[in-house]
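One structure is given here, and the rest of the page talks about it.
Letters are used for the chains, namely A, B, C, D, E and F, taken in the order the chains are written, and counting of residues starts over at 1 for each.
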Amino acid sequence: MRLLLINPNTTASMTEKAAIVARAVASADTEIIAATSQMGPASIEGYYDGAIAVPGMLRELKERRVAGYDAAIICCFDDTGLEAARTFCDVPVVGLCESAVVTAGFLAQRFSVVTTLERSRILIDNLIQRYGMGGRVKVRASDIPVLELEDPSSGAIAKLRAEIERALAEDGAEAIVLGCAGMTDLARELRSIYEVPVVDGVAAAVKQAEALVSLGLSTSKRSSYASPLPKPLAGVI
Amino acid sequence: MRLLLINPNTTASMTEKAAIVARAVASADTEIIAATSQMGPASIEGYYDGAIAVPGMLRELKERRVAGYDAAIICCFDDTGLEAARTFCDVPVVGLCESAVVTAGFLAQRFSVVTTLERSRILIDNLIQRYGMGGRVKVRASDIPVLELEDPSSGAIAKLRAEIERALAEDGAEAIVLGCAGMTDLARELRSIYEVPVVDGVAAAVKQAEALVSLGLSTSKRSSYASPLPKPLAGVI
Amino acid sequence: MRLLLINPNTTASMTEKAAIVARAVASADTEIIAATSQMGPASIEGYYDGAIAVPGMLRELKERRVAGYDAAIICCFDDTGLEAARTFCDVPVVGLCESAVVTAGFLAQRFSVVTTLERSRILIDNLIQRYGMGGRVKVRASDIPVLELEDPSSGAIAKLRAEIERALAEDGAEAIVLGCAGMTDLARELRSIYEVPVVDGVAAAVKQAEALVSLGLSTSKRSSYASPLPKPLAGVI
Amino acid sequence: MRLLLINPNTTASMTEKAAIVARAVASADTEIIAATSQMGPASIEGYYDGAIAVPGMLRELKERRVAGYDAAIICCFDDTGLEAARTFCDVPVVGLCESAVVTAGFLAQRFSVVTTLERSRILIDNLIQRYGMGGRVKVRASDIPVLELEDPSSGAIAKLRAEIERALAEDGAEAIVLGCAGMTDLARELRSIYEVPVVDGVAAAVKQAEALVSLGLSTSKRSSYASPLPKPLAGVI
Amino acid sequence: MRLLLINPNTTASMTEKAAIVARAVASADTEIIAATSQMGPASIEGYYDGAIAVPGMLRELKERRVAGYDAAIICCFDDTGLEAARTFCDVPVVGLCESAVVTAGFLAQRFSVVTTLERSRILIDNLIQRYGMGGRVKVRASDIPVLELEDPSSGAIAKLRAEIERALAEDGAEAIVLGCAGMTDLARELRSIYEVPVVDGVAAAVKQAEALVSLGLSTSKRSSYASPLPKPLAGVI
Amino acid sequence: MRLLLINPNTTASMTEKAAIVARAVASADTEIIAATSQMGPASIEGYYDGAIAVPGMLRELKERRVAGYDAAIICCFDDTGLEAARTFCDVPVVGLCESAVVTAGFLAQRFSVVTTLERSRILIDNLIQRYGMGGRVKVRASDIPVLELEDPSSGAIAKLRAEIERALAEDGAEAIVLGCAGMTDLARELRSIYEVPVVDGVAAAVKQAEALVSLGLSTSKRSSYASPLPKPLAGVI
């Protein structure tokens, strides 16, 4: 099984970090193909970054078809362009947020997502409401710019831990979801510190993608995710 | 007051039709600047078309800044890229769906949206749930490809009327919202036929944009719609 | 265009203050006809005041028909008798709360309403849930009796500002809605102090009423708002 | 225990019919004091009728204080002025719709309300959503003017039965709630015909009022239902 | 009228305490038959205790049929096995949580439930969401093991009062619901201390059961609560 | 990895059928341990059957601890006793309904569940609302007693297919979920007939259980699912 792990931002170090985690949790017969978008912003912080990242991600999904992949994982917690990708692809596509909250939902009745900047907080909250988990989840921002997660000296981890501690103390959180792909390498350590489930979207998405492929299931092409109709396209996208 | 009416698809005839309606309802001192995206699909039918239309629309929003505009209207009923545009712009930005359902909400307790293709139906239903109107609205598809609305001989109007009649008979609809920018020129006639409010998103959006400008209000830059952070951008978007 | 601004309480100074704001935001060709109910309580604070204010408001709506008006604005943030008025009138009727939250919804994803007394807080919260905005809005009371807003020496403004500051600090509010018609003259100043959108219901309602009239739309008479059936009425109402 | 059964419309024959049912289900030590509003419409069909009925009902609640009552029942399925009455009274006040849906909720997971005219359907649906039962209940109109229920030759019962049969066949209704005070005398017979619980609001409200009085509980005067503040009242209400 | 008050835990002292309250509020012609499950845990604290308590409770419901009862009350605030009991019985069955929140709903717009341990908090919150009251209620745990409520020297009452005070101060609670059958004897005193309605589930359930029996209504056997189908049963239950 | 597939009903042929499907989709290094409850009903049709099945299932979960298992799957679409099992176990526990709707949610925006008897329909609908999928899913009953699925000559498959066809025609379903463990062997064939995703809970649950174990995650023991407190147990359970 070949899973395409596509980072919709253009920072290759984030892709690499995610690929390490993905490979560590993948089944023995799963190959992780890590891809970084070649077009778009260096990080996705808010609606604008997300919107302009989509065409680059879709292009990557298209170009990688030659070599082939059995499912795709969009490696951003905002589930950037997830619906467009599902429409575009014939194979299953999963997002990090969707995978993580679904996974946490098997483990806890109430939990908190800790993301990076305030500007992403409501965006993620809206996603989670769409996924039906709104009544069970609180989203918190920890005031960490995404790329600071790439820099061990940045103090980002201390901020993240402080926010997790607030979630445990104030929200009654029974589990924690890490709300950024750049936090993927921290889950295991945080789990041992706080003794609650700490769910990372990258790892969760790998398992959901594997599950769908194993089950022989793919995106319904009836109605919402029907393949794009052929039509004139102006300009280069 | 200068309102930018930006069509996120690349079909200029749709822009022109919408501009005629927009100018007809605009206040005497409002100038409608009609713009057609130069990059993207000829019509927006489903998630993929919507996603790839956004960069072209954002480019237009940027380039038109030189001449200036006081608010922008995204001229597609899917509210394509609305949140990205709000983040990007300092002036108010309104969508057709949001404007139309808000307007209908002042006139009726329950109403139906009649859109084009089945693939757009749930997309619009999800939007309306986000706007808080889910419990009051039913969305219907009339099996009309968007560009058939540009062709009077296509039979599109008969299909649309049949679907409106089903909405009135089966949904208990107290009003009808036309769920595609391409239907904008039909509202007045349908209103006189069916004797219920028939709301067109283009006209509704013009009035909402004018309202926000008159009130001296613009998009909050606190949290969700904070201006994009400066960051490296790879490739051409 | 003639808009009837009907104050459902019987305090003429509140009507006058609202009329000044209404005229300031109205279009050049809009005439604001300010009317004060002649029957009912001096202010509307809670359910009882609201209920006994309605007949006086409806009488005014009836008597002003001779001179004519194109739409009516119910000038109380509780949207007192709004549905009865829609049923009674052939022209559009808008409320302050409905208009204000709709307007704020174009500008912010999450926002707070700051009203007067605690007894009005849940009443307004229930209204906002009916309008579908429950998940996006927090309502706060600032412990100000309505008529204190008429008295500059009352300390009301300091209380209001303190509550707005709590909304910004604690709720993550991206915008503020002023939850009483008596606060209408404060919006502009508060906007410049807090640098977020501050929405006043009076001004918002004027623009919504103008929008509906311009669009040639009026309340649906199908089902919920069908005109009252003729029937015997006992007593004087 | 003395329960005031107050009919907010001015048709005494409806009051009498309801009083018979109320006395039949009341406990041995409960006295039913039946009162008809002296001011307002002959029947309540839609928002306008409801609004103008409230002052007459409140006056009756006030005047009957001399003789005293331990709780009040508002004898209309629209729960006309219920919140105003709760604010006004120191004793518990219950509505027919609220009592009936709560009662049905102990007996069935999903049920249907069958009311009179289409114009009351959404009004009742909104009430039921406020009471939290929206997901469990479907409201249907049977096209019966309220006062036809007073006339055995009107064909009203046949229409009502036809609508109940549709509810059982199409909605999966496990129980039926009669959605008008004027249907109160029909519950027992319909129950034996259809072999499902048929809940009448008058009877249900008597038991809820008795329950609250027996429990020594009354309306909270904290926040929402705080007693009206003393203030100038213009005109006669 | 004979009401079976069945305690699904096996602590007879709790049954006795509840029976005293039940008899105090019951109508003169109501006989309270108090029964303690003979099989299961000594207290119900969380999902596991609840699940293993059900068969013992159902056995009691079955064995008591010989002597007969007109309705049953499940005497635990978790509404343990309520739906199974409704399916099993031909007479009405009511739960404490359902009865208490319904009762409080007639008295207050927003209220708080104060229960025992944190492990029961979300369980009750989920129940209340099912009953449609989620938007009106906050559930709080007071860190009291259930059986400490049987011991006056345990400090339980001080903890309970502290939590009620937090509910009043922080939640805007207009009424309090006691979230454990073991608190049943405290309602009257707490009501006089805090001057808000304090609702106890045992007393509330007695009145709801009496109401249903008086109304001649029983559980619908259509669909959800249809009587169990005859089928092989392995083992002893 | 060892997964315990525990059938909470006592029909061993259903366990065997499910085990075949489970083994077919399990990863190469996953061992499926199939277990049939020794105590309880032969099939689970409605609330009563479900409640009395739980102790037998919990006993099996306990006794199988000696040999050990890494996660448990409750093999009934009603997610019988799922929360009690999560509280009881230290390893992850997943249900069929939860797993299936989560899986379908990655593939379709709107889908339908087709279950057996009408008495299970609302039970499953309520589950799905708890899982947050209520707005996306319609549940249908096909009038098939569970054990008829064990008998190829019963006509059950024809009924099931007819109901699936109604779901596709009337609900706009983009995917189908099979709402009974006894349908597990039919998914693949139905998928090829109808060309939409057909999700079977048994297979879906195997992959979710594998995912959780691979990720090193288990049920949170904070709050809702905290391990049962030690306490006296009366009788044999």
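Assume contacts are C-beta pairs under 8 Å (C-beta built on N, C-alpha and C of every residue); 3 or more make two chains touch, one makes a residue touch a chain.
The model shown is predicted, which means the values in this text are computed figures rather than measured ones.
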item	value
Chains touching both subunit E and subunit F	A, D
Equivalent-chain rotation between subunit C and subunit B, CA atoms, steps of 5 degrees	180
Chain pair repeating E-F, as identified from A-B, A-E or B-C when over half of the contact pairs by residue number coincide	A-B
Residue-number overlap at the subunit A/subunit F interface, same or different (half cut)	same
Inter-chain centre distance, subunit C versus subunit E - centres from mean C-alpha coordinates, in Å	43
CA centroid of subunit A to CA centroid of subunit D, Å	52
For subunit A, residues contacting two or more additional chains	109-110, 118, 121-122, 126, 134-135, 172, 223-225
Contact pairs between chains, per stated definition	A-B, A-C, A-E, A-F, B-C, B-D, B-F, C-D, C-E, D-E, D-F, E-F
Partner subunit C, residues of subunit B touching it in the complex	25, 27-29, 92, 94, 98, 102-103, 105-111, 131-136, 168, 172-175, 188, 191, 195-197, 199, 203-204, 207-208, 210-212, 214-220, 222-225
Subunit D-facing residues of subunit C, complex	10, 37-43, 45-52, 54-56, 58, 81, 83-84, 86-88, 118-119, 121-123, 126, 130, 145, 223-226, 228-229, 231-237
Partner subunit C, residues of subunit A touching it in the complex	118, 121-122, 126, 129, 134
Interfacial residue positions of subunit E with respect to subunit C in the complex	109-110, 135, 172
